[in-house]
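Below you'll find the structures, each written out as C-alpha cells.
Two complexes are shown next, each including subunit A; its partner changes from subunit B in the first to subunit C in the second.
Our next item is the complex of A and B:
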C-alpha cells in the first residue's frame, strides 16, 4: 500500500493487538500524521530554564517545524515560526541567544521577540501601518506551561494541556518533586541523535519493558546494573496505560520491595549527602525517604516527551523513515552533588555513543528495514493481553514486560487519525 | 600557536603513534587500543561546540579511564548491537602537528576523516583530535584525547565504533 486509501480506514490498519507494517513506511501516512497529530495535539517544545533571562531565545521544534522559543522582556514565553512574513527568509540563525528582536537579512524587516513587526527599511514603499499590524511572525497559537514544561499546539482550539495530560501530569509532578528546590534546570544542552527509522518505533520502545534484557545485555553484563532485573519475568513492576496515548513502566513496586533509598539511581544516600539533606529539609525525613525509594518516573508522554528517570528525550520526526532523539540530563536546580552524578551517568548512557541508546537505535533501524518485508504484513502486540487488569485508578496495567503501553499508544493514535484533519 | 623548534625524531614518533591508534580503531583491535591509554586518561567528544564545560554540559563521550574500560568491555561482548557486526571503517589522519612540549607531555593536534560503512549506508565523520601524549619507558601513552566533530552541534547518527 503506497498511499492512504480512505476506503480502507484506520480501523483496518490498527487492531487491538496488531498494527499494519505500512504505518511505519508509507509517506502518505506520515503526511497525515503531521496534520492530525504533530500540528494538532499538544507537543512538548522546551523548558523554561532553557530561556532563563528576559530576551533569551532558543530554537526548538514541533515535528519537522523549527520553532523559536523566546522569553520577552516581561518574562512571557512565545513560540514563533522562523519565517519572515515578507518573502519567507529565515529571521533567526543562531541556535540560542539573547535578543529583543530578530532581523531578516534579506530586506531588513525586524520583528520583536513577541513576534510583532517592528519595522522595515524604506517605509514609503508601503502603506504604513496596515502592514505592521498584520505582518507579525507566525506563531504557535496555543502555548501552555506545566511545572516549567512548555507545550505548544498548532490547533486554535481543542483540549487544554491539562486535559491532554490527564493523569499523566502526575509524572511531571513526581519528576519535579525529586528536586529539593522544586525546580528543574534543563540547560545542560541536548544531544541530537539521528536514526533511519519511523518515529513510532521510538515512542513504542520507550515504555517497552520486554527489550532491556536482550538489547542491553552487553552493558548489563559488564557494568554492575540492576536495571535488567526490573524488567524480568519475576518483576513486580507494572506496564500502564495512562490514557491519551501516555504510557508508563511503573517500577515503584520493585523499588518499594527492595526498600533502598536512591536504589532507583543505583546509589546510596551517603554518596550524595548534600542532596539528601536538601531533600529532607524540603520534605521532612519521612517524605524524603518515600521520594528516594519511589524514584523518578519512566513515562512516555504522547507524542514526543519521554521522561526516563534522569533523562528527558524529545522525539522529532523529520521524514517517514528519519527521526531525531534529543536528549538531556535532568538537573535539580541547586543540587550540585546529585546533578554531577546524573549528568555523568546520562552522558555514559545516551546519545550517539551511549552504552544504552546506541543499541536501542540499532534496533529502530533494524525494525525499519525489517518492516519492509512483504510477509507477514502485521506487527504483533499481543503480549500480556490475557493478564491485563485495572489498577485502583481505573488504568489498564500489565506485567513489567507486557505490551500494554504499545496497545495504548496505538489506540490513541487511531483516535487522532480517525478524527481527521 | 607558534611553531616549536622542529624535532624530527619526536614528530615521527608522534605521527607513528597517531597512525597506529587509527589502525587499531579501524581494525577493531580493542585491547590494543585500550593499551594506548594512561591510567588517569580522559577521552572526550564534546557536543554543541568544542568549548563546552563537560562537567556541566552534555557531551557525546566523556570517559574517565574506568569508563574507557567499560566501553571496550561492552564492545568485546559481541552483543553491543550497534557494533554487531562492527562497522567497516577506514580513516585518514593528517595535519599532525606537535603543538607544545612541557617536558612531561606533548600536545598534539591532527585532523581526520572517517568513512564508516554499515547496513544504513556510508557515513562520513570528520573533525580534529587533540592529544596529550606522555612519553614513558614503553613509548607514548594517551593521557587525553579530545575529538571535535565538525557536526557536533547537529543531529548525528550512532557513533558506536571507536572515534
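Our next item is the complex of A and C:
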C-alpha cells in the first residue's frame, strides 16, 4: 500500500519491529533509495575471475545503471558506465568479450577499455574544440576489491569498502577458505531471474530462517534433504546482525553438533576425494576437517550480494516492483570434482527447472501483490524480539527462525535514508 | 592457409596466410565489408612488441577510414 508520503520522516515508516507497506510500493521511495543507497554505498559488481585475461570485459550493473567491468592490458580493473558520451547509446552489448577498445554501434565513437575517447568518424564535422579528454566514458568513481570481489561506489568519498563490510568480510574469508587454491572461479555464467517484486523483499528473504520449512518443503522432501531441520525450533543455528545491514543465518552450531565433514553440502568425503586431498594438503588434516564441518557461509551482504553456500546471488532493482536476481555457481579454482557437484546442485536448485528459487520467486510476487492491500498497513517483524542476545563479538543474535536479520536490514536502511535527507 | 576468424561485437575478421608473394604474409579480411589488408612478418613482430596504448591512435575512426576525402583524391 502507498498511502504514506516518505517525506513525513523515515522514523514514521520504519520502527524497530515493523515497517510500513508503502516502503515496498511507493515509486518516490524507490527513487530515494537509488540516490541514498544504490548510488552511495558500496555495491558488489563482479569478480576478478570474470575478466581473467588482459582486455577482457563483462557487462554488469549497479541497480539500473549499466556498467562495464574491464581489465586493461596492465591488469587494472575498471568500472565504466556503459553509455556513449555522444548520444547515450549502450556501447557494449555482448555479455562478455575481449577488446582493448569499444566502438559504439550508433555513430562509431571509439573508447579505450579504460574509458578514454580515442576518436569518432568524420572528425571534420567538429570544429576542433571538442575535448576528447572530457568525453571519456563515465566511471564509477571508487572501485575496491576484497578477496577477488569487486565493489563499486558512486560516492566520491565515504566509508572504505572494509569499513562497509565490517565483520561481514569474514563471510568472504570463509567462502574463499574452502577453495584449496585460495581462489574462486566465478566464470560459470549468470542465470537471470526477473520477479515483479520490490528488491527489499529479496534482501529480507535471503536470511529469513522462518520460511524454508514452508516454502521449500517440496524440494527438501524430494531431495531427502536435512536442510529444513536446520531452520526449526529445535535448531541451534543462529540468526545474526553483522552490522551495516549485513545479516547471517549461521548454521555452524548445527553442523558442529552433527560433526560430519561435508555434511553441509549433503555429501561425504569419499565422493570428492580429489577435493578433500587438496584441502588437506593446503590446510593440514585437522584444519581441513574443521572447514569441511563448518561449511560455507549463508550471508547477505547489504545491499546486493547474497552468499548462499554454493551459489552467489546478485540483486538488481529495476523499478519499485521489478527486480532481477543474477545467480552463479561458486567454483573453487582447480577443484574439478567438487566443482562438478556444486554446478549440478546449482542447476538443480536455481536453474531454469530448479525448485528453490522458483519457490522464493512465487513468494516475492505474492508479497508484492499483498502489500498493496489497504489494511493492515504494516509488515510485522517481531519474531524473536524477546530472545535477542549478544554473541561473543557483540553482534545481536537470535534463534534460527527469528527475524533478527530483517530488523537489522531495516535499521541500516533507515540510517542510510535518513543520512540522505 | 586459413587461420580462423576473430570476432567481437565490434569487429569480425578472417585470418589466413597468403603465399602469393615471395614470402608469406597474414591476410586480414574485414568480414563486414570484404575489405582486405596484409601484414608481413616484420610488421607482425612489431605489433607483438607494441607497448600498451600504442595502437590507440590507429583506432581513431577518423584517422584513415571514416574521413572526408582530401582534394585530389585519397584522404587527408
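One rule holds in what follows: the second predicted complex is superposed on the first by the 402 of 421 C-alpha atoms of A that agree within 3 Å, B and C clash if a C-alpha of one lies under 4 Å from a C-alpha of the other, contacts with A are read in each partner's own complex, and residues count from 1 in each chain.
Basically, a contact is a pair of C-beta atoms (placed from the backbone, for glycine too) under 8 Å apart; a residue touches a chain by one contact, two chains touch by 3 or more.
As the structure is a computational prediction, the values presented were derived from the model and not from experiment.
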| item | value |
| --- | --- |
| A:257 touches, of subunit B and subunit C: first, second, both or neither? | neither |
| Which of subunit B and subunit C A:287 touches, first, second, both or neither | neither |
| First (subunit B), second (subunit C), both or neither touched by A:133 | neither |
| Which of subunit B and subunit C A:12 touches, first, second, both or neither | neither |
| Which of subunit B and subunit C A:222 touches, first, second, both or neither | first |
| Subunit B versus subunit C as contact partner of A:389, first or second or both or neither | neither |
| Contacting residues of subunit A [partner subunit B, same complex] | 95, 188-196, 215, 217-219, 221-223, 324, 327-329, 340, 343-344, 346-348, 351-353, 355, 358-359, 361-363, 365, 369 |
| Subunit C contact footprint on subunit A (complex, rising order) | 72-74, 92-94, 97-103, 108-110, 112, 116, 118-124 |
| Complex contact set, residues of subunit B against subunit A | 45, 47-48, 52, 54-63, 67, 70-71, 73-74, 77-82, 119-120, 153-160, 163 |
| Complex interface listing, subunit C residues touching subunit A | 8-11, 52-53, 55-57, 59-63, 65-68 |
